[in-house]
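Have a look at the structure below, then the notes.
Chains here go by letter, A, B, C, D and E, matching the order in which they are written, and residues are numbered from 1 within each.
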Amino acid sequence: MPDLTPLWLTLRIASCATLLAFAFAVGFAWLTARFTFWGRDFLDAILTLPLVMPPTVLGYYLIVVWGRNGWLGGWLHAHLGLSLMFTWQGAVLAATVVSFPLLFKSARAAFEGVSTEYEQAARILGDNELRVFFRITLPLAARGLLAGTMLAFARAMGDFGATLMVAGNIEGKTQTAAMAVFDAVAAGDYTLANTLVAIMSVVCVTILVMTNKLASRGRAGR
Amino acid sequence: MPDLTPLWLTLRIASCATLLAFAFAVGFAWLTARFTFWGRDFLDAILTLPLVMPPTVLGYYLIVVWGRNGWLGGWLHAHLGLSLMFTWQGAVLAATVVSFPLLFKSARAAFEGVSTEYEQAARILGDNELRVFFRITLPLAARGLLAGTMLAFARAMGDFGATLMVAGNIEGKTQTAAMAVFDAVAAGDYTLANTLVAIMSVVCVTILVMTNKLASRGRAGR
Amino acid sequence: PGQVGADPGLLVSAAASLSESFKEIGRSFAAKNPGVKVRFNFAGSGPLLQQIAQGAPVDLFASADQETMDKAEKGGFLLPGSRVDFTRNSLVLITPMYMSVVKGLGDLKLGRVQKIAIGNPASVPAGRYARAALERQGLWEPLASKVVRGISVKQTLEYVLRGEVEAGFVYATDAAGTKDKVRVVAEIPTAAPIVYPVAVVASSANKEKARAFIGYLRSAEAQAILLRHGFKAELSSLSAQTKLIPFGCKDP
Amino acid sequence: MRLEVDIRKTLQSGDRRFELEAVFSSQDDLTVIFGASGSGKSLTIQAIAGLVTPEQGRITVGGETLFDGSQGLNLPARKRGVGYLFQDYALFPHLTVRDNIGYPLKKSWPFHLLPDDRREVAEIMASFEITHLAESYPVELSGGQKQRVALARALITKPSILLLDEPFSALDSMLRHRMRMELLEIRQRFAVPLVVITHDPADVEVFADTLVIFANGRVKEVSGRKNLATPDEDDGWRAKVCWRAQWKKERLAAA
Amino acid sequence: MRLEVDIRKTLQSGDRRFELEAVFSSQDDLTVIFGASGSGKSLTIQAIAGLVTPEQGRITVGGETLFDGSQGLNLPARKRGVGYLFQDYALFPHLTVRDNIGYPLKKSWPFHLLPDDRREVAEIMASFEITHLAESYPVELSGGQKQRVALARALITKPSILLLDEPFSALDSMLRHRMRMELLEIRQRFAVPLVVITHDPADVEVFADTLVIFANGRVKEVSGRKNLATPDEDDGWRAKVCWRAQWKKERLAAA
């Protein structure tokens, strides 16, 4: 039985990243789905871009921005004495960036699929935009959002290139399961690699199946 | 101006991969969205798994299966004299596998969002299942499918790890834009890397914006 | 169609650290042998070996360490007798240009040194050498908590370049490429010299041309190019093999 | 035309349970199904159309058995050759009015309608007074407009039987009247028998050769035209049909 | 209660163009809007509710201006305090009947209704005879059941004015009758003025203190109760209301 620390770490990082990505993605998706403004399609495309970059390259740009001497990271370091580099928070940042586009795109499609008639009915029944969003739009878009969230979570779990660049590969601290697998493959230790992949797959399949089950119970009546 | 061959190659590979992934993903998504069978959630989870693996590890498994000495690749080589290793077709295979889960998940959510009433109306009007699918389900799911396709295309364009393993990194032949960028960063040639990333971004943004435009024109009336 | 095996040219799988110098050598080789097209496939030594093991249509394999080549030989992927060493590298300790804390191996213990970048010893040869060197000095244990392990030497270099770590272990060739941003503090002696081997792949369809390329690699011309990129000449084997008559190659 | 229905089906939603047991037959070309809200009228004609599969029983239309639980026979909806007008229209939201109506005619893959079919679509649009809506999408139609489009779409296939779920409820009274006449005419022209679900006594008067009254998932009464003609105030259905007179009485009493 | 509407709006769909120019006012608590399909009735009350923004004009309900194009005033729908019954119900598909009806009462974040509100929901469900449907989802309801749920939901907020878009079309005649009485009662109990779109002359008879007749996006006629009382056969609206008599005549002629 191999060391399972990387797995716990992965789950923690992926969960945090998915949560963060969810918040941002839902916000932007709502904005682009419900309002027509100049440059909307452009914004949409920009927000999808992280998907196009090879993760390592994305990691490189993340360092340029968030590194100790980066634009934002430099400021953080100088004024707050903080650095995201080589911390698990850094890993969360990287995983958030790589999984964000998946959630954003799914959420936008899901929001666009919600009939505006229901929203109008809710408005007449006294809801402000915020309440309409949380009580009508969000639940009616739940199926698409859930699919997007699962994609994002899986992607965050599997991320390797970007996380590695930002958080390093520090055993017990930032070494995620994906890195452990990569190391094993790179070192030619296929037994270890296969074991790790098997464990990861089982964990993932369990999570995915459970989410599906929960979701289909929630929508049983519909 | 850097050499643009990798970019054309990337576009060609990503297009083929997206097409392939589309066909498979739509098929599986329809199956899982419209039928309830034993192990459905499990199948869904398994099909999402490629997303969780670090691409290089995925690439390793791909060559174990599809390499000239692999389970399937060996058979192909022995009986048809074909090998996918180090060909652009191999790159297509790798990109298909990494982008498949994105399309699959989006397509499933989109299909589940289509009201069965429309399908029933079409059946009464004389359509068999195939026609119902192509004339009703598919067009009504178009928004979600489009989002998924764009995700898959972007992912296929940006793939690096899996493609590298299967297709190699052969200049002018299988070296995609992502690899060129990676090589540039690795070689410390940041000017080249930035230029390549800028070009890739412009190309991607153009493609994404154009798709969005086309799609919103198609649904103008609705 | 689309198969590399049908291509009359040569396909060389080479370690990523060789990419700049090999591209140059490839061009000059092509200039001397108009009929022969050389293509390169650069990646880490590990993935390259896996590709060969799975039947990639490669003619030549140049690795950055002996272990990987040993594995290839044991697996029977190499043409027996074709393996030769062609160049050397060395391990150096580098630090960002503007940092002056680290002046030698001993300074790594200082409190002001928070992070040290090393290639992952499990998979990166440079990391293995660095670890061995540190262990010999009894520094590995005390420094373990400061170590950030990179996926490759290039990443180790990247961390130093960006000033995220106070020091890192890379090859002299890596440091040579970024002279203006990093400073070489010390050359780290390794137990065995870092020697790059090259060999013809057993399944190659162009064994003669492959041999010719190996021959060219060891010619004075190619060695000069390697030298310019920070490598060191592998003189011992050079003298022994020059009599080999390369196919299609004009006598130097 | 003989329509025979003898089906059973149980629906469950949470604690609530609905049991449908619809047994009736009709020899006539105009059958009206009448009954309170939620009594199982829609479910019954959905079963005839093949949208709902009964647990057991038999459905026969014009001698052809569409469903037979005991023989495991269950013709798919597309082969039943019935027309169906949905209670909430079910117009395809991604198609224009013209394409909605032409939908069942597009049998071969070429994406455009044949000239003959185009003409047919144009004719039926004209007869339903919706020609000016041809290029509109369903979301841009008023309630009545939607329903007329749905009617046109259901009729264009020349079905062997036409099932209508409250076909006139969203039409204004003038149009409702004209549409009734239209339907009667179409019935004659294409010889298509009609089964109409309605709440409107006026529909009963016009259409009912056979009147089937539903209550709580069961057929309470089946009466033929001749019964309808007798002005016997004791008849159960009569009490319902004459709600208007009744209401007037109540109103007077309240005043 | 004074309702004043004076609005203009143009809708475009492809080549088709619809111009709405609705100008009318009503002093009465019961206003009926009557008119052919597609004449702009729904659009007009949507404008009153704030779902559609007119290009210009003014809407005043009970002295409060809800919309004034010239002053740039446009109260959002949630602040207009109107009740609205959608033509196709718009029940929230993800909520049970109980939660649909209780929806507007859940003002604070705690996710459960207060006991008082629960009682209110139970009461209104009882009065609409839908208590047994409390835990069902909209998709499991029959057409008439859906509409009653929608009515209950619209009424529970005690709106200052209740707009109803063809409220009775999917109800069976007995229920339709009871519902009319119910509405009249509710109107009295909560003193809520009603604006009803209808095709049914019976509704006109019951509800219309003021009758507004639409044709082609314009108001053709506004008549008060006294006009309604006169049995003048020349009145435009009378001709429409009496479609039934007329139809009978035609039928006799055809026979």
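The working rule: contacts are C-beta pairs under 8 Å (C-beta built on N, C-alpha and C of every residue); 3 or more make two chains touch, one makes a residue touch a chain.
Note that the coordinates shown come from a computational prediction; the quantities given were computed from them, not determined experimentally.
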*By the touch rule set out at the top, what is the minimum number of steps from subunit A to subunit B?*
1
*Could you name all chains that are in contact with subunit A and with subunit D at the same time?*
B, E
*Most heavily contacting chain pair (counted by C-beta pairs in contact)*: A-B
*Would you identify the chain whose Cα-based centre sits farthest away from the centre of subunit D?*
C
*Chain separated most widely from subunit E, comparing mean CA positions*: C
*What whole-Å value do you get for the distance between subunit C and subunit E if each is reduced to the mean of its CA atoms?*
81
_Report the inter-centroid distance (CA atoms only) between subunit A and subunit C in whole Å._
36
*Which integer distance in Å separates the CA centroid of subunit B from that of subunit E?*
50
*Compute the distance, rounded to whole Å, between the mean C-alpha positions of subunit D and subunit E.*
26
*Residues within subunit E bordering two or more other chains*: 13-14, 88, 136-137, 140
*Residues within subunit B bordering two or more other chains*: 56, 60, 185, 221
*Provide the list of subunit C residues touching at least two other chains, using ranges where the numbers run on.*
47, 50, 158
_With touch defined as at the top, which chains are paired up in contact here?_
A-B, A-C, A-E, B-C, B-D, D-E
_In the complex with subunit E, residue positions of subunit D that touch it_ = 11, 13-16, 34-38, 41-42, 87-88, 132-133, 135-137, 140-145, 148, 165-166, 169-177, 181, 199-202, 240-241, 243-244, 246-247, 250
_Partner subunit D, residues of subunit B touching it in the complex_ = 117-118, 120-128, 135-136, 139-140, 142, 219, 221-222
*For subunit B, which residues are in contact with subunit A within the complex?*
41-42, 44-46, 48-49, 51-57, 60-61, 101-102, 105-106, 108-110, 112-113, 143-144, 146-148, 150-151, 154-155, 157-161, 178-179, 181-182, 185, 193, 197, 200-201, 204-205, 208-209, 212-213, 216
*Quick one: in the complex, what on subunit C touches subunit B?*
2-5, 11, 13, 16, 19-20, 39-43, 47, 50-51, 53-58, 152, 154, 157-158, 161, 177-178
*Which residues, counting only subunit A, touch subunit C once they are in their complex?*
60, 63-64, 67-70, 85-86, 164-165, 168-171, 179, 182-189
